[in-house]
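What follows is a pair of complexes built around chain A, which joins chain B in one and chain C in the other.
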Partner chain A sequence: MSSAVPFWRAAGMTYIGYSNMVASAVRKCLKEPYRSEALGREKVHFTISKWSDGKPEKPTLRTDSAEE
Partner chain B sequence: MAMAALRREGRRFLLSPNPSPVLARSAICSEESSPIGVRGISTQIVRNRMKSVKNIQKITKAMKMVAASKLRAVQVRTENSRGFWQPFTALLGDVPSVDVKKNVIVTISSDKGLCGGINSTSVKISKSLFKVTAGPEKAVKYVILGEKGKVQLMRDSKNRIEMTISELQKNPLNYTQVSVLADDILKNVEYDALRIVFNKFQSVVSFLPTISTILSPEIVERESEAGGKLGDLDSYEIEGGETKAEILQNLAEFQFSCVLFNAVLENACSELGARMSAMDSSSRNAGEMLDRLTLTYNRTRQASITTELIEIISGASALTG
Partner chain C sequence: MFRHASRFLIRAAAGDGRSHGRTSAVAVARAFSSDVPAAPSQDTAFIEAWKKVAPNIEPPKTPLEFMKPRPPTPSAIPSKLTVNFVLPYQSEISSKEVDMVIIPATTGQMGVLPGHVATIAELKPGLLSVHEGTEVTKYFVSSGFAFIHANSFADIVAIEAVPIDRIDPSLVQKGLTDFTQKLSSATTDLEKAEAQIGVDVHSALNAALSG
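Right after this comes the complex of A and B.
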């Protein structure tokens, strides 16, 4: 890991994004009964909207995409 | 006109000064179809009211059941997730009193209502936290999770809202989801200290409004040089070729996502608990109301029956006598 750090940091990823990618790689290595169970824990769903000048911008939906 | 007036004032009709026989007759005929009786008080309204109270009671009971069954699953996960932040607090400490320039208050609330006062509690705590941290040359921003907190904070501090997030609880909460969210917050918000406000779950009836503070790596370094609890950080051995700053940055990011995960779960758990107790007390209130209405209804019914009996008996005795 220590050698990989500068690279993903340079790509604009945070540690969270990096660990998520690693985690999903590990989940994909699992065998079947555990695999689908573990993949079920990867579901992402929320809406996020940034605010500027006291008004919300159009909300964006983040769904089922662990990485950007 | 006169007829309508008579119908409306059916009760006073017998006492009116000069009722013409024709009008009086039609008034009596219309009496039978109209719910407003001459003698008895209509029980229709009370009956309808009772029915609606009964329906409301059914709904609140069902909501209580749903909340109770959901709570059990979430509670286990919440208690397990406490293991996430405890090592971080042991390592980095929790310094709510730290004085920094760029504060971000992360208010956690629920998307749905009908769960007692937990949303207003976290909003209230956020507002007082804002007052404590705000000052000249200091920026305080809000990041709000959940619809209800957004609605409440929009009223007076909409200019300080940086981001709002909702629909987090559509699927069961998982770490991936929260960490993606934490990633988004970290990338879009500049901060020196993140202060997460949430309701910590204690039991089904008690929630502790809690503040967790997460410092940015630079501030952690500054604080650790200043000594105090963070001063012990140097006694840890760092493996690999990374510098302390890199390690701290990774740690701070990971700490934020872990603490946020725990906070979101704790808040979801408190929400369900609060909803359970709120629905419990509202079905109890509906029951009390129903008792009162039933009493009124029966009493009125009894009174009208008594009146009718008296009328029949006195009519009969007038005929025989």
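Right after this comes the complex of A and C.
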């Protein structure tokens, strides 16, 4: 008998993906000042530097906020 | 089932071996961290060597000496439960002594009293209530884990937890109807799972607001 997997794992999601999805759903249901603070917490800022011929090119700054 | 048999044989042999004065490393049952003695450990050989070379200077402290060891499991059931409730961005409750905590485990609402058996519980979206005397503090927890130790310490970690008065009921209703509609129109497994997650979370939010 195969082990009982939660439905999200059967659909290919990992625990952390599931957990982040639940957290973002909760954040979207908050009252106003808390909601904007919480959504600000979800933002991810990172820079990507591509290298060519052993030299770095100009880095690009990316900002990912919670996708809809 | 018989994978651990060799370990038990070694343990049994170790018990007999000690009486014959065996000096080689004997397989001793490993102590749980809650049974480790309360005194911070010091490396005596290092301290002796230091004192020979620099007797007037205090030997430096190693990280282990700074760490407070976990309080041992008391023999009588303690009267209070010590709770640590942390989120990634702040610690909500830090070493607070309470009477009871009700956690939303995947197996159902679990009440944790002092003296609870050591448990690791995965949490589902739901209500966490901390009971101290007559006051009850309620949080809605998104998901996480609760580690209950044998010495009546409970460590609860969650990704997002909000006091229930910060939740907006109209947004919850709207979310619930949206996701129920997505669930009926979903085609792939992944879409169905995402919609199911939305429905679960919003129903739990609804139940928390009304319960």
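Everything that follows uses one rule, which is that the second predicted complex is superposed on the first by the 40 of 68 C-alpha atoms of A that agree within 3 Å, B and C clash if a C-alpha of one lies under 4 Å from a C-alpha of the other, contacts with A are read in each partner's own complex, and residues count from 1 in each chain.
What we mean here is this: contacts are C-beta pairs under 8 Å (C-beta built on N, C-alpha and C of every residue); 3 or more make two chains touch, one makes a residue touch a chain.
Because the structure is predicted, anything quoted here is derived from the model rather than measured.
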{"item": "First (chain B), second (chain C), both or neither touched by A:W8", "value": "second"}
{"item": "Which superposed partner A:H45 touches (first chain B, second chain C, both, neither)", "value": "first"}
{"item": "Chain B versus chain C as contact partner of A:R62, first or second or both or neither", "value": "first"}
{"item": "More chain A residues in contact - chain B or chain C", "value": "B"}
{"item": "Which of chain B and chain C A:M21 touches, first, second, both or neither", "value": "second"}
{"item": "Touched partner set for A:C29, first chain B, second chain C, both or neither", "value": "second"}
{"item": "Partner chain in contact with A:D53 - chain B first, chain C second, else both or neither", "value": "first"}
{"item": "On chain A, the residue positions that both chain B and chain C contact, one per complex", "value": "19-20, 23, 41"}
{"item": "Residues of chain A defined as touching chain B within the complex", "value": "1-3, 5, 9, 14-17, 19-20, 23-24, 41-51, 53-56, 59, 61-62, 66"}
{"item": "Chain B residues touching chain A - in the complex, by the definition given at the top", "value": "158-159, 161-168, 170-171, 174-177, 179-184, 186-188, 239-242, 246, 249-250, 253-254, 256-257"}
{"item": "Residues of chain A that touch chain C when the two form their complex", "value": "7-8, 10-13, 18-23, 25-32, 34-35, 38, 41"}
{"item": "Residues of chain C defined as touching chain A within the complex", "value": "89, 125, 140, 142-144, 159-160, 162, 166-168, 171-172, 175, 189-190, 192-194, 196-198, 201-202, 205"}
